[in-house]
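Before I ask anything, here is the structure I am working with.
In order of appearance the chains are A, B and C, and numbering begins at 1 in each one.
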Amino acid sequence: MNEKMILDIHDLDISFKTTAGNVHAIRGINIDLEKGETVAIVGESGSGKSVTMKAAMGILAKNATVNSGKIEFKYSNEQGEQVVDILQKDKRWIRKHINGKRIAMVFQDPMTSLDPTMTIGKQLMEGLLWHFDISKEEAKNRSISLLKEVGINDAEKRMKQYPHQLSGGMRQRVVIAIALSCNPDLLICDEPTTALDVTIQAKIIELIKKVQEERGISVIYITHDLGVVAKVADYVNVMYAGKIVEKGTINEIFYDPRHPYTWGLLSAMPDLSTDDPRLYTIPGSPPNLLNEKPGDAFAPRNKFALEIDDKLEPPMFKVTDTHYAATWLLDERAPKVEMPKELRERLDRMKKEAAEYGSEL
Amino acid sequence: MSDISAYVPRKEDFRLKNETEELGLDSNFASQNFWKEVVIRFFNKRSAVIGLVLILLIILFAAIGPGMNDYTYEGMIQEEKNLAPRVSWLEKFGIFDGSETMTTSVGDMEVNKYEDAGLTDTYYWFGSDIYGRDLWTRCWSGTRVSLIIAIAAAFIDMLIGMSYGLISGFFGGKVDMVMQRFLEICNGIPRLVIVTLLLLILKPGMLTIIFALLLTEWVGMSRIARAEMLKLKEQEFVLASRTLGAGSFFIIFKEVLPNIVGPVITQVMFSIPTAIFTEAFLSFVGLGIPVPKCSLGSLISDGYNSFTTHPYQIIPPIIIMALLMLSFNLLGDGLREAFDPKMKEM
Amino acid sequence: MKKYVLKRVLTSIGTLLAIVLVLFILMHLMPGSPFNDEKLTDVQREVIYAKYGLDDPIVVQFGRYVVNMCKGDFGVSYKISKNTPISQLIETRLPISIGIGFYAVARGAVIGLILGLLAALKRDTIIDTVCTIVSVIGVSVPSYVFALGLSYTLGFKWKIFPMLYDSADALGSSVMPSIALSMFTMASIARFTRTEMIEVLGSEYMLLAESKGLSGTKLIFTHALRNALIPIITVLAPLVVDLMTGSLVVEKIFAIPGVGSLLVNAIQSNDYNVVIALSFIYSAMYIVIMLVVDILYGIIDPRIRLGKEGD
C-alpha cells in the first residue's frame, strides 16, 4: 500500500450459496483508490459491482462466502495511521470503526432506502449520536447544517418530516446527508442517480462532486451509465461477470478502449450527433454465473472472439502504466483487430469537441 | 481449474472465430421455463412435498377406504356397539386388540368387549360407535364428504371471486368504487353470522354448506385477483395488446388471467382448509350434514359425546382432519414460495 | 387523515345497517315466529299487528327496528328461556365471553410475536424450523381439537383444571378455554410476524441503517420492529372473527355460560329471536373492532396519517 492509497481490494473472490446452486459472483478482482480520487466501476446489472462494495462495508448477505482476497483500508485515529484488512475484522468492529464513520454508502433507490416510519431528522441524528459522544442538541444542529449543505431548504421543517413527504431528488439529498453525517473518508455511491429523473440526476452528481471537493474525500461510483462516469471519474474499472476486464484513467478508457466489451459499452451510449439512427446494443445477456465455463466469459457475445477465448481466460495485458485490459487481442500472437469504425469516428469526434470546449471530455 | 490454467496457448489458437451468427443467442434466460422453475422450487421444499403426499394419501383412502371392508356407513349392528379398535395383524403385539380401559367408580379396569360378546372373528379397525357402526367406513366416507364440500366450495369460490376481482380491477374508476364498497360491506359481516343465518332458512345439507361457504370465502380471492390486475394492467404486454385493439374480455381472460395463476392457486389451497374447518364447525353446532350421512365434523361431534369413556371414537376423525388442514397449509405455503420467491439470494 | 377516518366510519355504519336490514327481512321470513302463526284468526292477528306496529309502513317498521336494536331491545326468547328479555340473557354472558376472548388474544399476540421474531432473526436455523412447525400446527388444527385435547388431558386425566366451567373458580376455569382459543391467534401472528420481519430485514432502508454502523439490537428495535409491527395490527381484526367462531365450540366443550354457547343452544333449539340478536351483537362487535384497528393503523403509520405532499 503506497502513501496516498486509502483502499486496496486485492484478489477478492466471493461466492453465494443459493437454492439453485453456488454462484461465483466475484472472481478475483483488484481495485485501488487514492485519497481524494474518484473511481468508477462500470458494468451491466449482475456483474458484481454492488457485491464488491458491500464486501468493503462488511454488509454482505448471510449466504455469501469470501473465498480469498484482502480489502485493505487505511485511516487515521489518535494513534496515527492504521491499515486494516476489513475481511479479517468481525462485524461488530466494522460497525464501530468503519461503517458510517469512515466509509459511507449512498444507495440506488431513495424511495426505498429511507425508513418510512422515522422522521428525516431522527434518521440523520441516529448515526451522529451513535458514533460521537455529543448531545442531542448538538446532533440536531449538525444535522440541520448537513441538510443545508446538501441543498435542502427549510432544513428545520424537513427534520420533522417523513420520507414519503419528500420528492425523490430530495430524498436522495437526505441519503447523501446521512452518508456525510459522520465525516467519512470514503463515499461509495451505488447507482446514486439511476432511480431519479434526468433533470435531477445532474444536480445530484454536481452535489456529490461539490462535497467531494470541499471535504477532500474519495468516492467510488458504481454505475452502468457511462455518461455519469465521464462527468465524475478519474479512473474507470470495467467489470464483466465478476471480473475487471479493463481499467485505466478516464481518458484512456474513453479515447483508447482496448477491450471489446468496453467498445460495446461505449457504442451503446446514446449520442446526439451520430448519423446512425439505430442504437447499438451488446448482443446477448451477461452469463449466468451458476455454470462457469472455461475461457473468457465474454467470448459468447464477442464479435472479435478468438479460438483461445474458449480455452483460456485472458490475463491482464498492460497497455500503459495505468491502463490494463484482459483480452487476448492484446497478445502479440493475436491478429490485429481495430475497434469498429463507427466507434472510432465517434470517439474522435468526442475528443475534438472536448478540445474545443476545453472540458476534460 | 488447474488443468485449464495449465493450458499453453498455441499459435493457431489466435484466430478470429467469426461466428457472428451465434452472437446474441440468449443462452441464459431463454431456456429458463417459468413452470419448470416453479416445479423445481416446489419439490425443493420438503414440507410442501410431505403435504402433497399426505393429501394424495388421504384422497386415496377417501376413495377406496369405505369399500375396504363389508360394513356400510349407515349399517348399525345392535350387538356390536362401542367396540374398541381391533386389527388382526396387530393383535399379536398387544395393541389394537380390541381392549380398552374403562374408568368406573371402583377404578380403572381393562375390558375387551369382543371377548365378552364372543366375537372372535369380528374386526373393527377404528372401532365401532354407539350405534354399532363401523368407524373405519364412516371416517373415510366422512372424509370424502368433507373433501367434496371443501374442494367444490374452493373452486366455485375461485371462479366468483376471481371474476369479481378481475372485473373490478380492470375497469377501475366508478365500477371499481361501487364494487369495492359492496365488498367492504360484505367483508364487514362476520362469517359466523352469515353462515348461521343462512342455515336457519335453508335446509341443512351438502349443497347448503357449499353455498354458505361460497358466500363467505369469495372476498379473499377477489382481493387477490384485483390486486394482481391493478399490478398487471399497467404492464407493457397488456398495453401492447390494447394498442393492437384487443377487447376488454380478451385482455382480462387471455392476457392477465394466465399471469395470476400462481397467487390464485395458492389462495385456493389456503381456502380449502378454511372450508373444511367451517364445515366441521357447522356440524359440531348441529347445522351440518343430516344423519345418517357423516362428515369429519359430525364424526368429531358424535365422538365428543362419549370422548371421556371411549376416546378412540373421536381420535381418527380428529387426526384425519388435522392432517388434512396441515397438509393443505403446507402445500399452500410451498406453492406460494414456488410461485413468488421472495428471498433475495444475492 | 380526517377524510380517512370519516370514510371508515361511514362504511362501518353502512355495513351495520346492511346487516340490520338482512336481520329484519329474516325476521319476517322466519317460519314459526308468532306473527306468521297460522292458528291465529284474522282478528287476533290484527290485534297483534297493531300492538307490535306491524301495520305501519315497512320503512317505519324498519326504522323502529334499527332504533330498538341499537338500544339493546332485542325482544324475548321463545324457547331457551321463555319470555325472558334477550338483553337480560346476554347481560351476564357477554362479559364472560369477552374476558376469555381477551385473554386469548393477548396471550396469543404476545407469544406469537416472540415466536415470529425469533424465527425471522434466526432464519434457517433450528429455532426457525421449530417456530415454523409450531405455527403451522397452530394454524391448521382447529381450536376445538385443542380444547378437546386439553380437556381430556389436563382436565379429565390429571384434573389440574376444572373440565367444565365453574363460576366459583372463574379464573381457573378460563385457563384451558383461553389457551385453546389463543392457539390460532398465536400461530397466525407468529407466521405473519416472521414474513413481515424477513421482508423488512431485507429492505434497503435496513441496509442503509446498517451502513451507518448501528449495532444489531439498535437496528432491530428502532428500525425493523416498528416497520414489521405496523402491518401486524391489520391481521388482528380478522383474527377476532376466527376467535368468535372458535369460541362457540370451545364454550360448548367447557360448558362456559357465555354468548357462544347461548348461540349454539339457540341454533339447536331454533330460537330465532336469540340467534338474530346475537348475530347483531357479533356483527356490531366485529365492525367496531375493525374500525378501531383501521383508525389505529392510520395513527401509527405516518404514511396514512400525514398523507402525501410534494410528489
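Keep in mind that, in the parts below, a residue touches a chain if its C-beta (ideal position, glycine included) is under 8 Å from a C-beta of that chain, and two chains touch if they have at least 3 such contacts.
Small disclaimer: the values here were computed from a predicted structure and weren't measured.
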Top-ranked pair of chains - ranking by C-beta pairs in contact: B-C
Chain nearest the overall C-alpha centroid of the shown protein atoms: B
Distance-maximising chain from chain B - centres being C-alpha averages: A
Approximate Å spacing (C-alpha centroids) for the pair chain A, chain C: 53
Centre-of-Cα separation between chain B and chain A, whole angstrom: 49
Chain B and chain C: spacing of chain centres that average the CA atoms, whole Å: 24
Touching two or more other chains - residues of chain B: 343-344
Complex interface listing, chain A residues touching chain B: 16, 18-20, 23, 25, 51, 61, 63-64, 283-288, 294, 300-313, 328, 331, 333-335, 337
Residue numbers on chain C that touch chain A, as the complex places them: 203-205, 207-215, 218, 222-223, 226-227, 230, 301-303, 306, 308-311
Residues of chain B that touch chain C when the two form their complex: 47, 181, 184-185, 188-193, 196-197, 199-201, 273, 277-278, 280-281, 284-287, 300, 304, 307-308, 311, 314, 318, 321-322, 325-326, 328-330, 333, 342-344
Residues on chain A engaged by chain C in the complex (per definition of touch): 57, 59, 92, 94-96, 98-101, 104-105, 107-109, 112-118, 123, 126-127, 130-131, 162, 164-167, 170, 175, 178, 182
Chain B residues within the chain A interface of the complex: 4-5, 7, 9, 11-17, 19-20, 22-29, 41, 44, 343-346
